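Next up: the structures, one after another.
Look for chain A in each of the two complexes below; its partner is chain B in the first and chain C in the second.
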Partner chain A sequence: MIAYIIRRTLYAIPILIGVNLITFLLFFVINSPDDMARMHLGAKRVTSAAVEQWKHEHGYDKPLLWNEAADGITKLTDSIFYSKSVRLFVFDFGRSDEGRDIGYDICQRMWPSLAIAIPTLLIGLLVNITFAMLIAFFRGSSFDLSAMVLCVMMMSVSTLFYIIGGQFLIGKIFNLVPISGYLQGIEAWKFLILPVAVGVVSGIGMGTRWYRTIFLEELSKDYIRTARAKGLSERLVLFRHALRNALIPIPTGIVAVLPLLFMGSLLLESFFGIPGLGSYTIDAINSQDFAIVRAMVFLGSVLYIIGLLLTDISYTLVDPRVRLQ
Partner chain B sequence: MPVVLWTDALLYLLVLMALIYALRVRRREHLRAPWRRVMQSPVAMGAAVVLGAYALVALTDSLHFRPTTKGGGHGEVISMLDYLVTPLRIQTEKTYSAPFATHLYAKETIELDDGREVRGYPRLTYGGAHLSDPQAQRTGDILRTSLRALTEAALVSLMLSLLVLTALARRCGTSLRESLRRVLRGRTRVPWRTLLGTAALLIALLFLLVELSAKYHVLGTDKVGQDVLYEATKSIRTGLIIGTLSTLVMLPFAILLGVAAGYFRGWVDDIVQYLYTTLNSIPSVLLIAAVILMVQVYMANHPESFESITQRADLRLLFLCIILGITSWTNLCRLLRGEVLKLREVDYVQAAAAFGVRHSNIMLRHLVPNVMHIVLIMVVLDFSGLVLAEAVLSYINIGVDPSTDSWGNMINSARLELAREPVVWWSLAAAFVFMFALVLAANLFADAVRDAFDPRLRRETA
Partner chain C sequence: MSGIFICHARAGLMLPAMLCAAFAPRKRADGTVWGVWRMLNAAAVELCAVMLALTLVGCGSSTPWNDPYPASQTGANILYSAFQEQPKHLDPARSYNVNEALFIAQVYEPPLQYHYLKRPYRLVPLAATEVPEPRYLDAQFRELPASAPAENIAYSVYDIHIRPDIRYQPHPAFARDAEGDYHYHVLSHADLEGVHELGDFRRTGSRLLTAADFVYQIKRLAHPGLNSPIFGLMSGYILGLDQYAKQLRSIYDELKRKQGASAFLDLRQYPLEGAQVVDRTTYRITIKGKYPQFRYWLAMAFFAPVPWEADRFYSQPGMAERNLTLDWYPVGTGPFMLTQNNPNLRMVLARNPNFHGERYPAAGTPADARSGLLADAGRPLPFVDKVVFSLEKESIPYWSKFLQGYYDASGVSSDSFDQAIQFSGQGSPEVTPAMRRKGIALETAVTTSIYYMGFNMLDEVVGGQSERARKLRRAISIAVDYEEYISIFANGRGMPAQGPIPPGIFGYREGREGVNPYLYDWVDGQPRRKPIAEARRLLAQAGYPGGRDPDTGEPLVLYFDTAATGPDSKSRLDWFRKQFAKLGIQLVVRATDYNRFQDKMLKGTEQLFEWGWVADYPDPENFLFLLYGPNAKVSGNGENAANYSNPEFDRLFRRMKDMDNGPERRQLITRMVTIVRRDAPWIWGFYPELFVLHHAWYHNLKPNTMANNTVKYIRIDPALRAEQRRAWNQPVVWPLLAVVALALAGLVPGVVAYRRRERAAAL
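Here is the complex of A and B:
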């Protein structure tokens, strides 16, 4: 087991190097730091002195890969590639284009993101599985059909409309909770309840359909037929036999998305004004802060790879039939 | 003078490919069978009619040209659709106005005939301008116009139905009355009842919109007085292009790499797997953001390479399609690889290899045709997700160019309008309805296609 984990972790390294190279290519080679400086300073009234000044302030005035002027090992380290890309591997994100410490910001903003993402995931899971069970119980009936039609319709509505609609109805017309904002500590629930509800509702269509397929697949297996043949009631078959086996893939699915929860939900956070990592990313994109976008790309890939690793491990834990290979 | 934009060319190329595919399918029974199953599903056919209507709008909107102005010069680039709905395009008001309104949304100082000035809601320049007393006449006028439109629509629908019935009667060798009876009872193999019903509904809608929008702003006007109906209609092209081109741009790569990885295994497989795992591990929104930011920087620094705003916006749309394609490509590639890994052990592939058929031929003749159903299912399934993604991306400002009409841009500019008093709801509602209809139709159609083409699934549900 330990050997397996180590091997999988080693396998992640080339992928991270690949991600790093891609971001380096995107941010520094396709467009030179000069282009970035001009973009930030405004295209019209830019002088070469101003460009140099901007590049110097943000540490973009070094050579890309290889510094001829320096000596020894600093030939390699005193370059953009080393200072901006390689440093990411030790989670040194450097400073944003506005001069703030990105690493500190990420640590601060992680918690509001989790405060939304975890309840949304858990409540959503509970709701979806309950609905799916209910529909699977009445499969083939007109209830099943109309529920499926409803699910497809709910899937066809953009998340944007769920958010806008939720804010408008609950926040503006009924005045139940504040429309947006955030408070630290226990008071936060007031601001969290609406985004979590919207997040859950917008996922119902897709989730219910997905779990229904899983249940129906499980119900067509032989051991279910055996259980029925023994004379067990449909309820017992469904809850005691089918549910337990159908739930096997669910923890692995959760584990896969767990690390990505840190990244927060882009839309929910920015609409509801919650200072998490999702809104951080969106603000960075809007203000064209390349340093933050680069850091988030790297962080996101690390978390994704951790998710992959955890999925594989949890597979072997919940399902002994999967052998380590 | 015709202007061919990149996306126009690709969209028509896509139509051409679809036609070639249709011709191929006609001649091959094993390909026809699943499509016949799709055609027998009433839901799928109803959805197909709606999708067809959307496609028609998008295709007319994809023929661009520069009209010759009176002085002999060339004007702005417009499309065939713009030309057809010229009144809708140029009849702009000053600012917001509600659907079917005759007065502006905001109060202004109006100068009366006798020189006095009062604060009030001024009359619209075009919406309901033909009415002398809007208060009393408006409802009646709307009803009269609608009635006329519906009568015309009914006539056209009847003619269409008659045409179909005659064709059916001739083909089945029955009388017209018999085929009418069959269609009404839903006893035909292809669900003509649903098809004709949906078509009639769409025709009625078309006539209503055409008749009413000549006199009113049916869906109101937006902040700069642009007709919302026009905007929403123009957005159809953007939505469809994102939905279709994104998957198609990367399709050749996905097929080539996926099939090669599964067939050759070994180091080819390792490289391809590495490639898609790496791309997959970057969160797609961030990858899109990074690329679009870079495109923005490039476009800001090289304004001279673009002849017009339309061309610039078009190029950005194309880039968005490409990058959306890159993020969704990996999934398809993985599926293809898995399928080919299984297929290459099948007897007929082994036999071909034993006969000394070249690798390229084995892949082209034996493997690719047998994984095409996966490609088709993926393309159809991805469509609705991509249309929805466009709206989200435009909201984060990494979607299409702000000057391009798209539902995302409409929502983005309209979401703050809900905070106004009274609420400006019509832009959002229009974007919602147009998008919902397209995505719902696409979802329903995709489900039918998947059920028909995925043999594994069919066995389970049967």
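Here is the complex of A and C:
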């Protein structure tokens, strides 16, 4: 397994270089360094000299990828791409184009994101699997049908509706929790109730249907028929046999998304005023801050690669038949 | 939001153990059902207990459950406000944005400020002892009389005297030890271990403000590392600033080579000819030529004092890595100081204990006395102890929290306009009865800004100075009904523009004299837009009868470039198409991202565009320069986006800009406005109107669209606010109990069904 992990880690290097290159090209196809300078300098009284000065100060006055005017290896190294990307590989994210330390900002903003994402994930799992099992137990009945109709309806409703509806009902009409905002420390709990509840409820439709499908697939297998033939009660069949096997694809799926949890949720954080990472990349794209965009894309790629690697490893843990080679 | 769904769909680790425990086999024969029942029952009881406890806590608590602020702030003299966009720069040499001015204008004190109440806007001293009057010199530096013609004036000299008793806010940059050495001016990386905020420095100090601090800041405008947005403009006026920047450039590059990015460029060592210290409380600014508008710049943060100690302190290695920069932690002399800087969550201003003191104005307009705005006359400022600005990106939660009393004042978004505002029989806006019952009041003001649609005067079809082109532009200007636009898209919050100068600016004329005769008739004491038939007549005279090109017989096609993309803009863009269609002209909307739009504007490839301008200062020059030929966007990279050029207008502009306000200047402005009305390089658009709602506990609000340092005038009644908040935010618990009851009621048939299924035969 060690060899496998090392090999996968080495595979990640060209992937990350590729991701960096694609991000760089996409960004600079849309935004030229002149555009970036104008955006950062503001809309009024921006002179050409000021644009040139800004580019010089921020290192955007070099050629994008290849410096024809330079000699030898500096043809490559004396370019925007090289100077802005190479330090990412040692996780030095540098400073944003506005001058803030990106690493520090990420560290500060990931905790509020996690404060929403983790409870939402765990409570969502509990609720979704409970409903899915209940529905699977009553499969084929009118309850099953009604529940599926309800799930489809819940899936069809925009998350924005849940957010605004939740804020209106719980925060504004019933006055039970703050509509939005955030306080650090122990006082954060009352700001998390509503976004977590909205996150859980908005995910019930899809989550329940997903787990129900997994349970029903298990319930149609031969070992279940054997268990029933042995005279086991439906409860034991469902909880002791079906549930255990049905859970195999679930942890593997979770492990893949776990590292990405701290990237946050754009809508939830924006509407609830949670100072997380959800809007960090979007804000950076809007303000044409390439330093943040490249850092966040790079980080997202690294985390995704880690997630996939962990998924592979988790397969070996939950299913002894799987071996990594 | 797909992220949320994915998390739910692919997850599931903790549940099995819990479920297995709950559903574990029981010894009793019917243990299955009872196991389920007992678990659910216990859960329900626990939930009820928690809710009951919450209810009791809520009933006993003095703060509502939905209060977003710490309980310790209840009843405190704190002003609560919000910001929608994170500030990027708080350095007074760099910041040029209203969102940022919201913060730094409360911290920094430039020499002058605008009188809070008087209109038209008037400059009064702030850090200065008086509003400076310039002395004029000729090219040989000989004194000229104040009445000297502008062309004879080579230099204007402003001697600015500052108050001697002003001190800086407490700040670690000023902290000194017993020997007088600065505590924190030579810090190593080890010294900065554990330091992440300014508050992590234990010692602070302060000192008296000096004239040298103002000069230091003027020099900072030329600092190569700061990219001050007004450097380009000021280098054309302040004597020697251009050369000074070149000098600093080479010095700074050398310093950076030796010391790295955190090099401290000590500007005190490099004198600037145009900004010099005369004595401890006097400094002198020398301006090239005559530039009467310069005094307005003295009311902006660009000219506020910055202590060299702050630059020295923040330039140390390791500071920038911790986001400890002057761009994030301002150091000023104003009534407030920034104590919490988290642009992603909250910005907090606290009262500056060293504030020199200022009093609420004793005079205003006659209406101010009637409306109670002079009730606090002569009282010391500021009134509030702290200002908490929370980030609210979305308008809906902002509005809801305002209605709950958690924000003291609010604008009015389109979503909530009908709920908040209604128009009286006379057409004036007022709050709805529901708002009035809550004690909410409305203040309005026409802003010193303009939104317009422009013609590219370089374009072959719509541009140029031919009579044909003028008639085409005037015809379109009549057809685009901005009264309707304001009604539909601005909820009536605006005034149709009659020319480039908005109300409140010298040269604006009211009544019949102020009406644009090319677009409006004066009917029954009111301006009335000319009928569309008149526009069609003009269009026919311009060579497009019925909106068609007689050579081809095809409809005239015009292109409208805009950066407004997305579904939100569709209705507005459709409305523009409809206006042009009234003349038979086909309008093609070319919506692009802002970068492409800027490119088109810089290259002059657009035909029609929309643009706006918010005044820097209340002088007609600041609007008429938008049409001055040498400021053309294409040829001069200036703010004349329409690339309009009229030699007569330009000649009058050059005369007008250097004149003091008076009858002669007014006459010149009238002639200039007449010229541009005739030439119609813009479809004049509208002057936006500001609507501000505030609660009954919020006092002294008078919208002042020129001043940003207005927080110090606001007084609140914290006791009334706390009382109202409690009354408006009583928790409603019964829906929670109802949900639990419903869930429990649903269990009964569920359990019955479960038992029936367990007992049913397999086939």
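General observations
Note that in this section the second predicted complex is superposed on the first by the 291 of 325 C-alpha atoms of A that agree within 3 Å, B and C clash if a C-alpha of one lies under 4 Å from a C-alpha of the other, contacts with A are read in each partner's own complex, and residues count from 1 in each chain.
By definition in this document, contacts are C-beta pairs under 8 Å (C-beta built on N, C-alpha and C of every residue); 3 or more make two chains touch, one makes a residue touch a chain.
Computed from a predicted structure; not experimentally measured.
Annotation for chain A, partner touching more residues between chain B and chain C: C.
When the two complexes are overlaid on their common chain A, residue A:F27 makes contact with chain B while staying clear of chain C.
Shared-chain residue A:I164: touches chain B and chain C both. Residue contacts after overlaying the shared chain place A:L310 against neither chain B nor chain C. When the shared chain is aligned, chain B comes close enough to touch A:E217, but chain C does not.
With both structures placed on the common chain, the touch criterion links A:V297 to chain B but leaves chain C unconnected.
In the superposed model, A:V86 lies in contact with neither chain B nor chain C.
Of the two partner chains placed around the shared chain by superposition, neither chain B nor chain C is touched by A:L232.
By the touch criterion defined above, A:R244 reaches chain C but does not reach chain B.
When both complexes are overlaid on chain A, the residue A:M110 reaches neither chain B nor chain C.
Overlaid on A, the two complexes show chain B and chain C touching the same residues of chain A, namely 30-31, 35, 38-39, 158-160, 164, 167-168, 172, 260, 263, 267, 270, 288. Chain contact summary for the complex, chain A toward chain B: residues 14-15, 18-19, 22-23, 26-27, 30-31, 35-36, 38-39, 43, 152-153, 155-161, 164, 167-168, 172, 216-217, 220, 260, 263, 266-267, 270, 281-282, 285-286, 288, 290, 293-294, 296-297, 300-301, 304-305, 308. Those residues of chain A that touch chain C in the complex are listed here as 30-32, 35, 38-42, 44-50, 53-54, 57, 95, 98-101, 104-105, 108-109, 117, 120-122, 124-126, 128-130, 133-134, 137-138, 141, 143, 158-160, 164, 167-169, 171-183, 187, 190-191, 199-200, 202-204, 206-207, 210-211, 228, 233-236, 239-240, 243-244, 247, 250-251, 253-254, 256-257, 260-261, 263, 265, 267-268, 270-273, 275, 279, 283, 287-288.
Against chain A, the residues of chain C that register as touching in their complex are 1, 3-16, 18-20, 23, 25, 32, 64-70, 86, 88-89, 96-97, 196, 224-225, 227, 229-233, 320-323, 325, 327-328, 342, 344-345, 390-394, 396-397, 400-401, 403-404, 406, 593-595, 598-599, 616, 637, 639, 729-733, 735-736, 750, 753-754, 757-758, 762. Those residues of chain B whose C-beta lies close enough to touch chain A in the complex are 274, 277-283, 285-287, 289-291, 293-294, 296-298, 300-301, 303, 384, 388, 391-392, 395-398, 411, 415, 418-419, 428, 432, 435-436, 439-440, 443-444, 447, 460-461.
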